[in-house]
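Once you scroll down, you'll see the structures, which are given as structure tokens.
First chain A sits with chain B, and in the next complex the same chain sits with chain C.
Moving on to the complex of A and B:
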């Protein structure tokens, strides 16, 4: 089939209104400036809370972007048609990852403030950390992080470029190329997200280890990424974009994904907890002990109910997934729970009591607005949906049984 | 143009209609669009019990026929809840009541170790409820259906779209039903007996 013969159905304006774009840019730039100003004030005042707050904010936004990359590769691998009209938004969120590597630099500079194993005096007094030093050392940490960012960035750019090429006329070769790249990409994503979770999050408690930890973080990341895609599309809908291209049928499917990933997250999170509870070995239980002491216990309970039972019950009925207000609420709630969970994973190492500090909020706003600004800027360079994709018409015609 | 031979004895002869109860009136349509027209015409005149037989799924046929969503989901939910509750009772009663024995220093019953069984039994009974509930709702397996008597039923697996207005619907009248199907473009209209 030659591309000239195909007629692309035009239902929406696939270019963002210039005035809307400028208004969004200005709002995000203002938020970013404010966030960075407060964060800089916190840093220069020598606050010990700066590095943990920054790590949390960075990991939070990065897991969302990685979830979007997971979405893109999954759709290419499965040859899904329903998701084609939503794909450009996901691709653009994932494209922020290569730019985000710059924002990782403060973490590299703050290693001794964040990780026990990066403090020579602590390592000198600790035989366990000495034994782990061949892996847990600043140079190894930085090299592994660089490798992760390189792989994520490469795949985000390759898949985005391939998709954009379709805009001028999709061919079977381009569709196949996307699937071909996604296969090794998915394997590498699984390995690198595991690696990054071990290095950046698990090694905050360098004595503790859990082999399922990588999947645990990845499941939350995928869930948050899908929730972000849903929420961005719903926001676009309110702004009058992609109204016909992404309709109730597509939102219904996104809702199904949020439900499925909620169950998957609970399955993995519980697997980790149950094995450690049953084994009852002090070096393993220490992690949960730290996270169920004092006010942290309430945060743990909030996760059990807020991250599993609430979205599980809310998203189960078909009508809820097709009600866009309910779906938007569920997606926003899931994104909030992703923050609460990472807060619960990271902060007990630094703080004995659970509680949000002003610097946490500033860090989330600063990093988030910067990510969003990059997304906004990248979004305007191409159509809002992969209009040339061979499955585009099929996606428009998609209906649920 | 030659019509295919009608198998003798399959089409309901009018004289037997008094002795044998009528299943319904069946007609053949040329295309999915024509079938949908027939469905809408019958619905407009109050016919609510009908079934369509097509070689492939026809988009919009469920809405046109007024088929409501299956109740199967609720049956599956019930199966799942029964499984979960049964798993709690089973583990609690055997471990903490009937035969209390401390194993590995663990409590006699706890949700921490109970949950895998609760999950598995909920899934198992939900799956059973799905299969058995599906069979109960659609009436399968069955070896015979009156619509097979329609002389051209085999075409439903090939290139024709059949519509059967069933006699157990409210206000069914065989002559009126046949008239509706004919005027909506249906061909080979036949009264089919049980």
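Moving on to the complex of A and C:
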């Protein structure tokens, strides 16, 4: 006699309107088609900008999905109630991760174009790269990436399935199972995100190394994930979905998280910069030198102000976090800054001057619309919120003091 | 009935036995109003003696010189800096519990925050001794502050993290003390109201700053508390971050590492919680507070230890990996030397105590076993002391030039000063337990379920 006796207080329609869904699908499909067409044109014209643009777009969208996976595990581990009504959206964003294994393939084919260490003639002339060859080689790179995708995909699917099972009646076992899976999941997420950051981003400058780099990328990823969840929920709200289930109280908390993670990102990014600046060892400063030369300097300045000071000031007041228009603006801005940051991390290796190219935009649209299409498609298969979760009522009742 | 089981699991009451408001007041206040148990006097005798040892060692040091320690070239920083970082770290549980857990609405913090915050203050007091005497001429320790000194025109180096440390630690001590005191005010008023002697009434009357518990008072109090929590939150990160800068801004392999700031912070919280568990396990038993500091509280603290211990393990792993990945021969050597060099034992004590042993907390049976957590929490603090020793001493003993390598050996003064600092910490702690309510009565009451509260009277 578990769940049958408890009545779930239905406030919203937890199913998406079929017409709305079709309209969304068509728009996303159109965007994806357009994006891929332009991208294919760029590829076939032999543009050198193709692979970097693609890598950037891929990492950008994947870090958002990983941030959502982080959100899901964090809520299960801490036993939070406030976030329950928002959790299905996060779970569904994370669920697109298995698709990224396929979208990663172009990068595998483009290794020599992207990474110095994958060019035999460069390695032959560089003793340091030879010393690193046991790690930085195409086969190892691909295998490690595969392991990462396997782990992320597995946890995204397991946690999603577990959550969906609750829809027909939550039980303590399911709540416990979610927490049990999340504990090792969090450890693996930390290890794999670090590893992926080293492999995919840090090894773009194969001589450079920084121990905090994995946490640096992770902090940005978490922030972007939380911002994406906030923004999707706000978009749903406009479309008339989850209006009562995710209300100002929940947005207030999401806003607090955006604020906290903004500060955490700044803390990590500043620590890394400060220690390298202070140490002033050429092999370490080279990375920042490359990224503060010419027009890249302005991008670096934009990050300092745009990624830290602006959201910090905007999200500080309580009223701002409860003003949904302001919150939506802040979340969108944070997502934009995540792109700017990854642009600044990746592109200086390939371009001497900062500047957006048409192929960058096409890649972001193509990869993003593909992920979004998967998200949209997965969204319709189950309720928009984990209605059977034992903490669901508590989440609905939640208020900030 | 299933519903009841679910509620019990998801919304377990934070205290057991459904105490009323007056039960809480009674269980906490009677400790400071009655005579201490015999064990307290014995413990106080021991710790006061150890404090005497500390004072004797410091007197010997100041009158003789830094040479009484084992420090020498190339290991110019050894025990005293290790002890400094160790003690600063211990304090972090208090700040985390009082600030971050408050903001995260972790209401279980109410039974342990007072206790942990007091430990923060005493740990900072212990920590501050070491850099002050390490300057060699402690009567000139005020030169650390940017105030006019005998040699006008000599300014402190504002680009030095040692200077930032002075600001970070003094801010930390100030804000922690304010936070602690603000939290104490309602409880001090309770003690004033219960006072049976005139002296107590006057002392607690002054200390409670005229608190009458009116709605207005509470409103201001809650706001002040929240603001202090907001102010303290960056301090949880900043203090140990700046301590880590002391090392990381240098060029010594094993010190110069960008992961140091978050890694040091996690380690500090790890060791702080371990210390809280060690002392709480004893205190709740001796003073019969098992219903207020329940197994749930201890289990939660053990979970925090497991989590932060894993972060520390993650940092060890990353450092080793990057040392290898860097291809830099000095980096690689440093880490091989750590694990297999002359101080291999220190490294393996650190790894076993900080990474391996806490894994036992994955098992609920161990997480909820008092003897197990007591032993593990002590081992964690042993491991965390050795972590700082490994970072500081081992890295300095062998750097770039083999011709300038050396081996550090502590003198008895080093060892007795460390031992004595435990004496000071525990003495202050015992005094706290003797004179002030070690559990925040007013905050625990706020977590009581309504019906039980209605049954008892408010005092």
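As a convention for this text, the second predicted complex is superposed on the first by the 400 of 401 C-alpha atoms of A that agree within 3 Å, B and C clash if a C-alpha of one lies under 4 Å from a C-alpha of the other, contacts with A are read in each partner's own complex, and residues count from 1 in each chain.
Here is the rule we go by: a contact is a pair of C-beta atoms (placed from the backbone, for glycine too) under 8 Å apart; a residue touches a chain by one contact, two chains touch by 3 or more.
Here the structure is a predicted model, which means the values were calculated and not measured.
With the C-alpha superposition on chain A as described, chain C and chain B clash in the combined arrangement. In the superposition on chain A, contact is made by A:215 with chain C only, not with chain B. Legend: residue contacts after superposition of the two complexes on their common chain; A:298 is shown touching neither chain B nor chain C. Of the two partner chains placed around the shared chain by superposition, chain B is the only one that A:399 touches, whereas chain C remains out of contact. Partner contacting the larger number of chain A residues, of chain B and chain C: C. Of the two partner chains placed by the overlay, chain B and chain C both lie in contact with A:278. In the superposed model, A:26 lies in contact with neither chain B nor chain C. With the shared chain A as the reference for superposition, chain B clashes with chain C in the stretch 217-225, and the other listed options (127-135, 217-225 or 415-423) are free of clashes.
Shared interface residues of chain A, touching chain B in one complex and chain C in the other, are 274, 278. Interface of chain A with chain B (complex): residues 270, 273-274, 277-278, 280, 318, 399. Of all residues in chain C, those touching chain A in their complex are 1-3, 5-6, 9-11, 103-104, 234, 237, 241, 245, 248-251, 256-262, 310, 314-315, 317-319, 322, 325-328, 362. Remark: chain A residues 1-2, 5-6, 78-79, 128, 131-132, 135, 172, 175, 183, 187, 190-191, 194, 198, 209-215, 256, 263, 267-268, 271-272, 274-276, 278-279, 281, 283, 390-391, 394 touch chain C in the complex. The residues of chain B lying in touch with chain A in their complex are 59, 69, 73, 104-106, 112-113, 115-116.
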